[in-house]
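So, here's a batch of structures to check.
Shared between the two complexes below is subunit A, which has subunit B as its partner in the first and subunit C in the second.
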Partner chain A sequence: MDVLPGIDPRAPLLEVSDLHVEFRTQYGVAKAINGANFWLSAGETLAILGESGCGKSVTAQAIMGILDTPPGYVTQGQIKYRGVDLLKLSENERRKVRANRIAMIFQDALSALNPVYTVGFQLGEVFRKHRGMSRSAAKQRAIELLDQVKIPAARTRVDDYPHQFSGGMRQRVMIAMALALDPEVLIADEPTTALDVTVQAQIMGLLADLQRERNMGLILITHDMGVVADVADRISVMYAGRVVEEAPVYDIYSRPAHPYTRALLESIPRLDMKGQQLSVIRGLPPVLTDVPKGCAFNPRCAYARDACRQDPAPPVYQVSQQPHRTARCHFFREVIGE
Partner chain B sequence: MFRYIVRRLLQMVLTFFGATFMLFALVFANQKDPIQALVGERPVSESQRIALTERYHLDEGFFMQYWYYMKGLFTGDFGTSMTGRKNWEMMADAWPVTLRLALIAIVIAATFSVTMGVYSALKRGGVFDNVSLFITLVLLAMPIVVIAPLFQLIFGIELGWFPPTATRDATVWQLLLPAIVLACIVIAPEMRVTRTAVVENLRADYVRTARAKGLTRTRVIWVHVLRNSLIPVVTLIGVDLGGLMAGAIVTEHVFNIPGVGFNLARAIKTEDGPLVVGFVSILVILFLFINLLVDLLYAALDPRIRYE
Partner chain C sequence: MSDVVLEAKGLVKHFPITQGIVFKSKVGAVRAVDGVDLHLRRGETLGVVGESGCGKSTLAKLLVGLETPTSGSINVRGEDMVRLKGAALRRARRNIQMVLQDPYTSLNPRMTVGDIIGEPFQIHPEVVPKNGRQRAVQDLLDTVGLNPDHINRYPHQFSGGQRQRIGIARALALKPEIIVCDEPVSALDVSIQAQVINLLERLQNEFGLSYIFIAHDLSVVRHISDRVAVMYLGKVIETGHDHAIYDQPTHPYTQALLSAVPVPDPRLRGHRDQIVLEGDVPSPANPPSGCRFRTRCWKATQLCAEQEPLLQVRERSPHPSACHYAEIRDVVHRR
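Up next, the complex of A and B:
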């Protein structure tokens, strides 16, 4: 593997700071990410949570360096991997970071796999292009990988095409592909949304096992708070392209510090609330070409007052030191105190 | 797959009979006096008339004529032209040069339209994309009867870059200009389809995966995107073959190439029914086989079809 210049093994595994991404479309500039901050350590699972359109996938794509450019551009910020700012690397260096150091799996494994090549070809390609292996050696490795993600009869299935696999098996293939080169960071963008509930649990279980074996940092993107509670160590809640709250899982569930997190938690159906009206957050997420002044959440916030409607947006407040918690709400004390 | 091919072959047999029957009907319904047409302005003696009538079964009904013809075809007798020459002899002369012409045209068209279509798609909205859109529109608007003599005049005669006519044993070099003319009919649609398919595929999720795997841009485009984009293009090339055959009639006439188109045009003009039917029967068979080939290629490119 090529050695990245300036890499520092003691530096944090992944650190995203003040990330800004915008899409320059013919209808105007959509500011999809407006200052996202979070970090990830080895062996840790960070869940990124938020409503549809809040910028979770765009954040992941920015980290991978696979944004659609044009129209998408990173305009500000840093993405540091072991102390190296990925945004400053050349395209070729950046390309080698992918799969080798940071890998990603996607929501819909059927469309995420190329329909016209066998899974063996698509898995083997990683070894052939990054490790210079021969076709037959690469295929051998592909079979081993399929075995590792518990695909039965890997030796014969390696020659099958994506459409010949079930949804859960396809996602296993994606996981195998992402883990092929032992990356230190895995980004899973809603890996189970397209699957049945029972299969969801199997896939999450597999991911958790593999992560533990390899001491890998995992970023789990989801809008399902239920899934998060079981597997995540920490949670970053995103709203309109910002991380509005960040805290360890237990703390966020027991005492949310941001009104948006609070509203999200109240929208989870619970057994003990059977028969009661399910609380759904009122209003719609902002249009990205026209984000409200001040706190982007203010039109939907039960705590909002005049200060919330004035620029600048709430800064990153430190909620507590031990454990480390932050929130972007002027009135987090009031919210958490209840 | 095997059953699919068998089914297709059976379909082809039906199509072949249907097509040749209709052709036969059209040719013979149009005939006023083939014997007179055959000998031209000269008067025909009664004995000549009887001999010719017997030889070509002209006095028998249409169905009988079709029957005799088919019987001949399947016993290797392609019939005799009204000129007295054996049909297969004339065809053996004409087919090779036409096949060569068509092959060169297809290769030129496919190479050009795929590379330019991909390039246009990658630089969509740019100068190249817009200029090529304009050129393809112009090409689409120009019928081959205009392009053929125009190209011959400009590139063959005025500029002298290419030989303006070809012979029976034409070299690739002699056939280049007519092949380019022929390719012009199909380049425009093929290029547009390539461009659209590539643009669509560039947005596909699997492209994002391929990039996330750390593949180079070149590999993502020429291995992942292109393979998917070629599926509609291959189908179109198959469909375009019919147009190519029609175009060959005009092109061979203009460039004086003694191929199928050239002979067919003459046979139609002289109401040489047996010769027309002979040429077109082979044309139909060829067309059916190429379409089968295209379908097999299509299945080879798209495993989702192969495994149905």
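Up next, the complex of A and C:
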């Protein structure tokens, strides 16, 4: 593996600070991310939770360096991997970071795989390009990887094409590909959204096993509060391009500090109870070209006062030191106290 | 029973698999729906759950008449929809409408909202006279919680949740008794999902509607349903009141399905009774002999391969269950 200049093994595994991303479109500038902050340690699972358009996938793309430019631009902030700011690296250096140190799996495995090459060829390509292996050695490694992600009869399936695999098996192939070069960080962008629940359980179990074996940091991007409750250590809740709350998983479910988190938790139907009416978050998420002044959630918020409707947006308040919790709400004490 | 509004018996839909280009010959069949019985009472919601490929969407299409069943009958108000023809069929179809899954593709982008919701009135002109149609459409918009002044807007000017409301208004236009909802909220965000579910419940109370609610999200189905039918590979394998299915499931597949649903409560982590199934659903073109679930079942024996278990009440299952070894196991509440 190539050595990154300035790498510090004692620095945090991944640290994102004050990240801003905007999309310059013909309809105006859409501020997809307006100051996202979070960090990730080895062996830890951080869930980034939010609804469509909140900027959770764009955050992942910015970390990976696969943002579509144009129209997407990182305008501010730092993404530090072991102390090295990835945004300051050249494209060549970033390519070496991808897959070697930070890898990603996507929601739709069928469109993420190339339909005209066999799975074994695509897996082997990682070793041929990054490790300079021969075709036969690369194929051998591909078989081992398929074995590791528990694909039955890996030796025969390695020559199959993506369409010959079921949805769950395809996602396993994606996981195998992401883990090929032993990355320290894995970003999983809605890895099970397209799958059935019984298959989802298989895949989440597999990810947890692999993470434990390798002591990998996992960023799980999802909108599913159930999956998050099952696997995450910490949660960052995003709304309209900001991390509005950050807390350990147990605290956030029992005592949410941001009105949005609270409302989200109250609006999901639960399998283990039958409620009457679901409580509803009124209104709609904002359009990113026209985010409300002050706190972006204020038009939908039950706690909103005048202070929430005026710029600047609520700062990152420290809710508690131990455990570390933050919330971007002026009235977090009121929200959490109830 | 008099308050049964819909009854389907022995519903079968096989899609032929053909070979050859000029001389086509049938080489097999995808048995999408393979013998389904169900009934629906007035004002009731029947939830249909199952994983992709289990035939739940084909069942929806059969019920509203978008597909013709290979065999079986669908009785609505004493008339067999499958045998009806011409004007009688048109009239009968008014009574059973559908809400589709994806509000982005199920609304024509070139039609205004008024035209979309008013289209049923063009097909069934006897329902509302021509001069009253705009008024009727505006009333419908109001009923589903949209601004009646937006009648001339196009679908792209609405958000996902609002579009699904338009789809619901269209289904309500002909004042049906039955609405088949095929995954009506699965394309929506959580915060919007709750709005649409509450709307469906309000409309049900207001108009005495009966719903067939098809979804893969078991939590949503539990919330809205009075009774639930669980499907696997074209068959209903367990059915009963929602508390029977969710609190006392007896079929191994139902138990596995329920145990796989993540519960949004981290305190239950590691304390839930989780059954992780091996492998994938077999192909409906070539289902296993006997019990269709036996290839993934931990209880399967020789008997399961030889004899197909019928959907019936059993010694250890107070509600109908299609398993030789049906037995209550509460996987949702066990700590």
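In this text, the second predicted complex is superposed on the first by the 334 of 338 C-alpha atoms of A that agree within 3 Å, B and C clash if a C-alpha of one lies under 4 Å from a C-alpha of the other, contacts with A are read in each partner's own complex, and residues count from 1 in each chain.
As a working rule, a residue touches a chain if its C-beta (ideal position, glycine included) is under 8 Å from a C-beta of that chain, and two chains touch if they have at least 3 such contacts.
Treat the numbers as computed from the prediction; the structure is a model and nothing was measured.
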Quiz item: Is A:197 touching the first partner subunit B, the second partner subunit C, both, or neither of them?
Solution: second
Exercise. Check whether A:126 is in contact with subunit B, with subunit C, with both or with neither, and answer first, second, both or neither.
Key: first
Exercise. May I ask you to decide whether A:95 touches subunit B, subunit C, both, or neither, giving the answer as first, second, both or neither?
Key: first
Quiz item: subunit A residues in contact: does subunit B have more, or subunit C?
Solution: C
Exercise. Go through the superposed model and pick first if A:263 touches only subunit B, second if only subunit C, both, or neither.
Key: second
Practice problem: Have a look at where A:134 lands relative to subunit B and subunit C in the superposition and call it first, second, both or neither. | Solution: neither
Exercise. Show which residues of subunit C lie in contact with subunit A when the two form their complex.
Key: 51-52, 159, 161-162, 189-195, 197-198, 201, 216, 218-220, 222-224, 242-243, 246, 256-269, 274, 276-277, 280, 332-333
Quiz prompt | Residues of subunit A touching subunit C in the complex | solution = 51-52, 166-169, 196-202, 204-205, 223-230, 232, 249-250, 253-254, 263-265, 267-272, 274-275, 277-281, 284-285
Quiz prompt | Partner subunit B, residues of subunit A touching it in the complex | solution = 61, 64, 66, 68, 95-100, 103-104, 106, 108, 111-118, 125-126, 129-130, 161, 163-164, 174, 177-178
Quiz item: Can you list the subunit B residues touching subunit A in their complex?
Solution: 203-206, 208-216, 219, 224, 227-228, 231, 301-304, 307
